[in-house]
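Look at the two complexes coming up: subunit A is in both, with subunit B in one and subunit C in the other.
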Partner chain A sequence: MNLPYQILGVTEQATDTDIKNAYLQAVKDHPPDRDSQRFRQIQQAFEAIKDEDSRLRHALFDFPDITFDALLDSAFARDGSLQPMPADDFLKLLNTLSIEQTLATLNKTPS
Partner chain B sequence: MKKIIQKMSTGLTDASLQQTALAHYAARRYKEASDAFKDLLKQPNNAEYKRYLADCYLQRAKAMAGKALFKEACVLWENYTAHGEAPLQARDSYVLWLLASKNSRKAYAALKDFDARQLDEDYPDLAACLSVLLVTGASELLPQLPPDSAVAKHWHTVRDALEAYRNGERERCNAALKNLPFRSPFRDLRTLLKLQWLDVGALEHGSAMASKIPATSPYRPLADACLAYWQTGADFIAAMAGLDLNQRRIIGQARGLSAKHLNLLETLVKQKTPLTDKMRFELALNHRDLFGTDAAQAYCLQYLVDHPGGHKEYLKCFPAKNSFEDNRLQALLANQSKNSYDAVFFWHRCIDSLQTDRPANDKKIALILRHMAERQPYREAADSLIDSLEYDPNDKQSHLKLLRIYEDHLPNLANYEHWLERSLERFPTDTDLLVRAAQSAARRKSFKKAAAYAKTLLKIDPVNTLAKQLLFSNHMAHARRLLKTGKFHLVEKEIQAAQQLSLDKNQLGQADLLRGFYLWQAEDKKQGVQHIVDKLTKLNADPVAMQFQAQIEAGLLGVPTTALTRALPAFKDYLLSAPELERLMTLIDGYDRQLDDRTLLMKALDKIKAPLKKSVEWLLDHEALLQKWCETLATAGHFELLKHSAKLANRKWWKPVWLYYQRLAECQGDARNLNFMDLFGLQQALQNARNANDKTAVMLLTRLIEQARMAQHPLPSMAFDSDESDQNNDDVLEDLFGQIPDRVFERIAIRARHILEKTDPNQFAARIIRQYADRIDPQRLERLFASEDALFAMVLFISAGELKIDTGIRFEDIIERFENDSPQSRFPFN
Partner chain C sequence: MNDIIIGIDLGTTNSEVAIVENGNVSVISDAGKKILPSFVGVDDNNEILVGETARNQQLIYPERTIKSIKRLMGQNSHVVMAGQHYSPQEISAIILKRLKAIAEAHVGQAISKAVITVPAYFSDAQRQATREAGEIAGLDVVRMINEPTAAALVYGAGQDDAKRMLVYDLGGGTFDVSVVNVQSGVVEVLSSHGDNHLGGDDFDQLIVDHIRDHLRQQPGIEIDEHSKAMARITRAAEQAKRLLSDEPYVQIEEEYLLDHQGAPIHLSLELARSTYEDMIADHINATMDATHIALKGARMTASDIDEIILVGGSTRTPCIRQRLFDEFGFEPHGEVDPDLCVAMGAAMQAAMINGQNIGTVLVDVTPYTYGTSAIGYLDGQPYPYQYVPIIHKNSVLPTRKSEAFMTHQDSQREVKVRIFQGEDPDALNNIEIGEFLIEDLLDVPAGNIITLTLDLDLNGILHVSAREKASGKEKAITINNAISRFETEALSTAKQRIGDLFGENDDAAAEESAAAIAARQLIKKAESWLDNVSAEDKEDMVDLIEAITDGLERGDDAGLREAVERLNDILYYLES
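Up next is the complex of A and B:
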C-alpha cells in the first residue's frame, strides 16, 4: 500500500529529504485552518514514511484505513483544477430542460 | 297522496345523496363526489352544487397532472370551466398541461387569453416556463406571446447572450445579460450563464449561487446538473443520482469520464438501497483500476478482517507475491481481528521466510519481533525484544522497553542489571540509561559507582537536574556512611562536594545540617546539637517540620533523637498553617525522592502525627491543600494519616475523591485488600465523579478499581453497572432482584450505597442480626453474612424497605436463597 506516498506525491524511492520537502509543500498548500482533515492526513502520511525505519515499518505493518468514499474520491476526482463546463455541454444540458420535467420535478402546478 | 309520497321520497333521496356527495368531497374522493354532485344537479339548478362540481373537476385535473396524465388533466380542466365561475383557477397550469401533451394549437389559443400584465405579474411561473420553451428552441411560441410581456421582450436579449456564449464571446454575453432586468423570467438562466464565465478560483462561490436557484424554478434541473459537474467523489455520485440518464451522460462527457467510469457511476446511481459491505467489497474488486489498485487492495483488506470468507476472491484479484507476503497479510488480518495466537504464528512464518536472506533481512526480522512484542504479555514481549536485539542490537527503544519490563512489570533485579549493563555498553552516553545506572547503583549502595554515572551524565548534560539530584544524594549518603564508620576526615570533602552542586537552598541547608551531625559525632556533642538546632531553625519555619527533618537526618545516621527532640521547640500542640503544611509536603516529597527505603520517612511522620492530625482538622476548609496533602501521604505510603485526613475531608465535602483516599488508606494502598463493600462504594463514587466531571477523581478511582481487577479479585456486578462481569454474583443477585425494573432498582441501589457509606458492614450485619433475632437464629445469620453477597442482598432488601418499595422479596427469601443454594462456595471473596 503506498497511500502515504500518494498523499505526499512522492515515489517509493524518494529520499528523506524529498519526503520532507514534499511534506512541507503539502502543509503549505493545505494549511490546517483551511482543511484540517487534509492537514491531518498529510501529517500522518509524513509520520508513516519520514525515515527509512518508518518506511520499513509502514511496508511491513501498516494496516490501511480507507473508506469507500475515499475510493470514490479517487475514482471521481477532477482532472487537474476546477474548470468551467464546456459551452457545448452546457447548451446540451440546457436543451434537456422541458415542461414535463419541470412539472414532474415540482409535482405540483403553478397557480 | 301518491304524489306527496313521491315528493317525500325524492326529498329523502336528495338529502342522503347530498350527504354522500359532501362526504366524498370532504374525503377528497373527487371522482365519486363529482358523480354525486352531477346527480344532484339533475334536480333544479343549485349554484352551491355547481361550485362543488367545478372544484371536483379542478382537483381531479391537478391529480391527473400530478400523474403526468396531461391530456386527461386538460379535459378535466375544461369540464371545470363549464361549471366554474370567473375568475378561473389554474389557467397557467392548463397552458402548461396543453404544452406538455403536445397540444400546441390549443395551448397557443389559451395563451391568447393572457395579457402582458397577467403574464408578468399574476403568472410569473408560467412566464418562466415559457422562457424555458423559448430557450430550448420553441421559436413558434414567440408570436403567441403578448408582445409587450417580459418573456417576449427579454427573449431577444437572452438569444444574443446565448449566441455569444456559444461563440465564446464573454464580454458580449455578459453585456447582454446585464441588460436583463432583475425580475426577468430568464433570471435563473442568467445566473447559470454567468457562472459559466466565472474564473476557476470563483467557482466555489458560483456553486453557492447556483444552489440558491429555487426548487420551483424550471431552471433548477440545469442548476443541479451544473452543481453535479463541480462535485467530486461520493458527493458527485449523490448529485448525479438526482439527474436523469441524459443529463448524466452529458456531465460524464463534460468531465471526460471513461466508459468504465460511466459504468460504475450507473451501477452506483441505480442502487436504490444503501450499499452493503459485500457490495462495496465487490465494487472495489471489480473496479480496482478506477479506484487505484493500491487503494482498492487496502479497502478490500479491511473488509477481510470482518469477512474472512472473501479471502479467495481477494487473492484472485490481488494475488500474493510470495509466501512472505501471504503470511504477512494473514498476520496483519489476525492482528486486526485481535487473534494474537494466529498473528504470532504467521509472523513467525514471515521470519522463517526472511531468514533465508540474512543479514539483508535482519532489520525486517527485528521489526517484526518488536511488532509482536507490542502485542504480547510481558514475559513473551521480553523474549521477543531480546530476540530482536540479536538481529538489530542498536535499537535503543528496545533496550529501554526491556529495562522497563524488568523493572516494573516483571521485576527481576538480575535481568535488569544484566540488560542495563548491556545497554550501557551499546549506548555509553545515553542519558536515560545513565540515569537508570546511577539509580540502580545507589539502590545497591554503590555510591561511588552511582556518583560516577551521575558525573558522566552531568558531563553530557551539565544542567541535568536529575543528575545533580542523584549526585547530591550520593554524596550525602556517602558522607553519612563515612560518619557511621568513623572515617571523619573524609566527611567534610563529601559535604563540600554535595554543596558545590548549586542546588536549591533546602539541599544546601541539608548538607550543612550534616555538618552538625559531624560535629556531634566527631567533635563535641553539645556544639553539634546546637549547630543542628540552628540549621533546622533556619531551614524550617515551624517546630513540626524541624522535628520531622531532625528525625529523618538522625535516623539516616542511626543516632538517637532524644537529645535533639529536647533541644528543639515543642511541637506536639503546634497547629500548622496552610503555608507551613505546604512546605512540609515539599520536605516530605524531597526526602521521598532521596530515600530508597521509606521506613525512616514513616517513623518521622509517626513522630509528628499528633500535630498533623490536629492541623488537618484546623485546615479543613482548605480543600485543595488537603487534597494535595492526601496525595503526598498516598505517595509516601503513610496510610494512618491518610485515612484520618480523608475521613475528615469526606465527612465535610462528601466527594468521590475523598472516598478514594479513604478506601486507599483502608486497604493500605493494596487494591487486593478492598472488599466487596469498598468496591461497590468506589463504583458508585466513580459514577458520581463522572457525573460531576471530576477528571482527577475519575482517573484515581478507575486506577484503583482496575488494580483490584488486575489482582484477579472478581468484582461483584451491580445491576446498574453493566461493566462488571462476575457471572456467579450476577446469578445470585439476578435470581433475587432480577424482576425489579432497572429504574426502581437504581433507586434501591442508591439507597444501599448511602447505607453502606454511613454504616460499617459489620455494624450493619450486627443490626440486622439484632433486628431479626426473634425470627432466625443469630448464629445462623452471622454465618450467612460471612458471604458479602448475602450481606449485600440484605442491604438491598433493607433499602427497598426504607424506600417503601414492594419488591415482593421477603427476608426469608434471601435466607433461603443463600442457604439452600450454598452460594458461599461461589463467592468471590471466600
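Up next is the complex of A and C:
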C-alpha cells in the first residue's frame, strides 16, 4: 500500500516520464478550479514521487499513518521538554525499511 | 446555462474585457475599439468619463483626471479628482463598471461575475484591493489569475508538443516573468518573479525628467509648478517613447508650453533612440535579473527554453527584444496582440470555471514566500525575529502548510502571530502583511504547542489559522488588506457612491461628497451612544448632531468640518 503511486495510478517501477504523464492526465481530469481538494492530493502525490530523490525520500521517511499531531506528540513529550527517540524504537523503525530493496527498485529503471 | 463570466484585464494603462462564445474567445469592442484606456475623469457637467474621453481631457483638466491608478492599488492612499477624494479601489471600480457595461451591451443581458487578472507579482494587499474594486463595481470576482499565466493559456491552448515557455510581461506599471511548461493540455507555471512597480510609466518618467532638465537650462523655469504643462510633457514623453520603437530619432515639440515672465516658452528637443535606451538601461537590466531568478526557480537555464512570449505594450521597445535575443538566441513570439492576450486568457479561464471544456487546464504557483517570525538565531546570535518560511516561493496553488511553535515563557497566556511575505532571514526585512493575537491560552509551563497553518488559495490570497494543540482552541483570519482595512460597511458605502456617479441611484444622497457620507455615518454612530453617556456629554452631542445635520442640508461641507471633528473627539474619548 503506497498512497502517492495509487493516487496517480502508476506502479512503483514507473519512470519519471510515466509519472509526469500520469500527473498531467490526473490534473486534466481534476483541474484545480473545479475541485481544489482533489487537486491538492494529486499535487502532493506528484511531488512525493516525481523524481528519484523524492522517491527515495518518500520510501525512507514517509509514514502514511502518522498525522502531523502524532508526529508532534512523538517529538515532544508531555512535560514539554525535548526528548530523543529511544534507541530501541529507532532501530525498530530502521528495520521496517529495507534500504537495499528500495535502492534495488530504483535501479532497475526500465528503459 | 450558467451565468456568463467575463474575463477582464485591468491594466495600468489599458483595460480590456473578453468573453468565450461558442468556443471562440474574443475581446469585446466598444465603438470599434477593443482597448479601453485606464483613465477616469469628471467633465464640465460633473459627469463621469472613462477611457478615451477621460484620456483626451487629461491635457486640459489634469486635476479632474486620474491615470495609472493600478500603481496605487493596495496602498492606504487616495487620489483627488475634481476636489473629491477617492480610494484606488473606487477609481478601479469605475473602470470595471465601464467594462461590465461594454460586455452587457454585447451579450444583451446583465453580467455579475468576472475573472480579473492581476500581475503575478501583486502582493496580498494588492490582490485584496483588486477584489474590493470588483465588489464596488458590482462584480463577483470568481477568480483572480496572474497576467503572464493568462497569456500562456492563450499560447498554450491547442499545443500538443511539450514546450517550455518564458513569458516576459512588461506593462504600464508592472513587470512579471514566468517559466511555463505546456504539455498534454496542461499549462503548468514552474516559477514566477517580477517587480510590481516597474513598467512603461517609469520609462515615460525618465523622458519627462530629461525634458525637465532641458527646460531648466533657461533659469527660473520650474515646470513642476504648472500642472497643465506637466500633463502635456508627460503626454509628449509617452508619444516620443512610442515613436522611438520605430524611429531612430524623435523631435519633441510643444509650443506655448507656459508663460515665463510674460514670454511664451516653447519646447523643442530632439531625442535619439540610443539616448533613450541608455536612460532605461537600468530598468531593462532589472527585468533581465528577474528573468534569471525565474529560470533558477524552475531549475533551468536559458537553453532549456523553447519559446518566449511577449506580453504588455512596453515589450514593443526594440532593445528589449534585442536583449532577449542575445540571452536566448531566438526571436520572441508576439503573434497574439500583446495588449489583448491577457484578457483573452482571463476569458478562457472564466469559461473553464463555468464548466466549459476549453481543452486546457492551468496550474499556477505563488511568486512569494510566506512565513512568520519566532525567537531564534540570526548570524549565530539569538534574535527575536527570525524568519520562519512556511509556504515557499513557487509552490503550486492552492497550498496548505503547517508549522509548530512553542511558547517560551511559563504561564504565557497570549501569543502574537505576525505574518510576513519575503525571503530575508530577518523577518523585519520582509513585508509584514498581517498580525493577530491568540489569547486565553492555557496556564501551563513554557512549551505550550501552537500550530500555525497557512492556506494560500487559487487567487493568491492567504488564510491563516493558529491552534493551541492542548485545548484545540483555534483562531483563523484571512489576511485582509492589512494596511487599509476596507470594512464591509465602507465597501457598501463606496459601492453606493460609485453607483451614484453612474446615475444608478436617484435618491437624495446621490450628489453627496465623501465628507457628507462620513458625516452621516458619524451621526449614526453618535446616536447609538446617546443612551449610555452622561447628561452633559449627551447635550454636547445632540448639539453637534444638529449642527452637522444643518450643514448637510445646506450642502456646506466646509461648515461641517468643525462640528464633525468635535463629535469625533467625543466618540473617540467614549470608545477608549
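One rule holds for everything that comes next: the second predicted complex is superposed on the first by the 63 of 111 C-alpha atoms of A that agree within 3 Å, B and C clash if a C-alpha of one lies under 4 Å from a C-alpha of the other, contacts with A are read in each partner's own complex, and residues count from 1 in each chain.
In the analysis below, contacts are C-beta pairs under 8 Å (C-beta built on N, C-alpha and C of every residue); 3 or more make two chains touch, one makes a residue touch a chain.
Since we're looking at a predicted model, the values are computed, not measured.
A.B. asks: Considering only touches as defined above, state whether A:Q25 meets subunit B (first), subunit C (second), both or neither.
C.D. replies: After superposing on A, A:Q25 lies in contact with subunit C but is clear of subunit B.
A.B. asks: Looking at the overlay, what does A:A14 touch: subunit B (first), subunit C (second), both, or neither?
C.D. replies: neither
A.B. asks: Using the superposition on chain A described above, determine whether A:D33 touches subunit B (first), subunit C (second), both, or neither.
C.D. replies: A:D33 contacts subunit C only, not subunit B.
A.B. asks: Once the structures are superposed on A, label A:L3 by its partner contacts, choosing first (subunit B), second (subunit C), both or neither.
C.D. replies: first
A.B. asks: Comparing subunit C with subunit B, which touches more residues belonging to subunit A?
C.D. replies: B
A.B. asks: One more residue to check, A:L60. First (subunit B), second (subunit C), both or neither?
C.D. replies: After superposition on chain A, A:L60 lies in contact with subunit B alone.
A.B. asks: Residue overlap on subunit A between the subunit B contact set and the subunit C contact set?
C.D. replies: Touching subunit B in the first complex and subunit C in the second, residues 68-69, 72, 76, 79, 81 of subunit A appear in both lists.
A.B. asks: Inside the complex, what are the residues of subunit A that reach subunit B?
C.D. replies: Residues of subunit A touching subunit B: 1-3, 6, 53, 56-57, 60-61, 63-79, 81-87, 89-111.
A.B. asks: In their shared complex, at which residues does subunit C touch subunit A?
C.D. replies: 143, 183-186, 188, 349, 352-353, 361-363, 396-400, 402, 404, 406, 444-449, 451, 457-458, 469
A.B. asks: In the complex formed with subunit A, which residues of subunit B make contact?
C.D. replies: By the definition above, subunit B touches subunit A via 62, 65-66, 68, 70, 89-90, 92-93, 96-97, 99-100, 123, 125-126, 129, 132-133, 135-137, 162, 165-166, 168, 189, 192, 195-198, 200, 203-204, 215-216, 218-222, 225-226, 229-230, 232-234, 236-237, 244, 246-247, 250-251, 253-257, 261, 264-265, 268, 275, 280, 283-284, 287, 290-292, 294-299, 301-302, 328, 332, 335-336, 363-364, 367-368, 371.
A.B. asks: Which part of subunit A faces subunit C closely enough to touch in the complex?
C.D. replies: Subunit A reaches subunit C through residues 20-21, 24-25, 27-28, 31-34, 36, 39-40, 43, 47, 68-69, 72, 76, 79-81.
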